[in-house]
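Chain naming follows the written order as A, B, C and D, and within any one chain the residues start at number 1.
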Amino acid sequence: MSAKQPKNVFVQGPIEASFIADSIQKHSSQTNIGAHSIFLGQVRSDLIKARKVAAIDYTTYEEMALEEMHEIREAIFLKYQLTCMHIYHSLGKVAAGEICLFVFTSSKHRKAAIEACEETVERIKAELPIWGKELFEDDSYQWKENK
Amino acid sequence: MSAKQPKNVFVQGPIEASFIADSIQKHSSQTNIGAHSIFLGQVRSDLIKARKVAAIDYTTYEEMALEEMHEIREAIFLKYQLTCMHIYHSLGKVAAGEICLFVFTSSKHRKAAIEACEETVERIKAELPIWGKELFEDDSYQWKENK
Amino acid sequence: MLNNTTRVNVIVFGHLLDITKSANIAIENVSDTNELVQQLELLYPFTNMRFAIAVDKKIVNENTPLNDNSVIALLPPFSGG
Amino acid sequence: MLNNTTRVNVIVFGHLLDITKSANIAIENVSDTNELVQQLELLYPFTNMRFAIAVDKKIVNENTPLNDNSVIALLPPFSGG
């Protein structure tokens, strides 16, 4: 409802489907909402030079990330007519096939929810100080690079 | 995985959050997926001429809707690099605050999933022969009109 | 060929149901969709009602010939989602 | 004022950790970010490494004065999500 208070966005380990279901369920009392848009990032088991990604280990500069996230949140609330917005990003190890990012926007009409969700995802990827370390099945690793 | 087989998209009554969670969970074995985009339509308790919407009763011309949906699905799979797409729409009574539409697209990278989800939602609203009857708290009703 | 009268089945949806009270209407002696609409307007106060016509599950935008097995649907503006 | 040496705390992230082996580095006698980078390059093989510098949680794009309490972060390209 409010973009004013800094909120924690970090979750230790993967984001569970049941957590997403709870978040959706909680909005059933807000009967002014007509549309929800959800983005989920899932860890891919990419094959890189014959090594397969088994998991990604996420680290962050938390104090800075929370300040940046607060700024993104305020900008998105100013730009779009949202009812609410929830953002969660994993820290630590997330295995291939598990969810590491959950962006959830709600509004009266679909346009605002859809556009706000997309813009927030782009800003998170570009602006939040988070680093993924791709852990291969053979125990080697490389630092992830976003496209 | 395939856009070839006509699939049923209709669900009797509201779409439950637990059903959405199950759908998400099922994708954890597809480790080539990097992004999911989800749209949820939720019934609003709009106030229309001092009467409050308590529920929407959805009906469809099912044979035609399934053919149209099949065409939409094939067009979307041709246009976007998707891993999979799932679509569910409620029939019958869905109370204010409950979910009536669930569109779920998955792809390797986020762009395809996000754009395919948005286009599918627009086409569903414009092209599927579905009608919503807004049931007011005082037992009167009016036929819904999409903007 | 005199006894060969066309009989089509018309399915009705949405707010048009408030007028027809019935979801299925049988109409005889119509050879195309224009004739069908004329017949329907004699039977029901359809003036100013917006609806599309589907013949065998495909929306038609021009006058379309009907035959004995045609399934016609009267489709008010969609409001799904 | 001779004994007033600046001592800043540098936090290191991502692939730069592979080089520094330590997430926290104390650097003395630097008055701005250019001097800091010069010092770091003497200590570590940072050549060709891309990273941004944040001073007190804000990314700086130009040479920026530092003081005794500055917290500097070395930020490789982000790869969240």
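The definition used in the following text is that a contact is a pair of C-beta atoms (placed from the backbone, for glycine too) under 8 Å apart; a residue touches a chain by one contact, two chains touch by 3 or more.
Because the structure is a prediction, the values reported are computed rather than measured.
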Exercise for the section: Average the CA atoms of each chain to get its centre, and name the chain whose centre is farthest from that of subunit B. Expected result: D
Practice task
Go ahead and note the Å separation of the Cα centroids belonging to subunit A and subunit B.
Solution key: 23
Practice task
Just give me the whole-number Å value for how far the CA centre of subunit B lies from that of subunit D.
Solution key: 50
Practice task
Can you check how far apart subunit C and subunit D are, centre to centre, with Cα atoms defining each centre and the answer in Å?
Solution key: 76
Handout entry: Centroid distance [mean C-alpha coordinates] between subunit D and subunit A, Å
Key = 28
Practice task
Identify all positions of subunit B at which a residue touches two or more other chains, and write them in rising order.
Solution key: 41, 121
Fill in the blank from the handout: Those chain pairs meeting the touch criterion are A-B, A-D, B-C
Fill in the blank from the handout: The answer for subunit A against subunit D in the complex is residues 41, 58-61, 63-64, 67, 89, 100-101, 121, 124-132, 143-146
Completion exercise
The subunit D residues in contact with subunit A across the complex are 11, 13-15, 18, 54, 57, 73, 75-81
Handout entry: subunit B-touching residues of subunit A, taken from the complex the two chains share
Key = 17-18, 20-22, 24-25, 27-45, 96-99, 106, 108-110, 114, 118, 121, 147
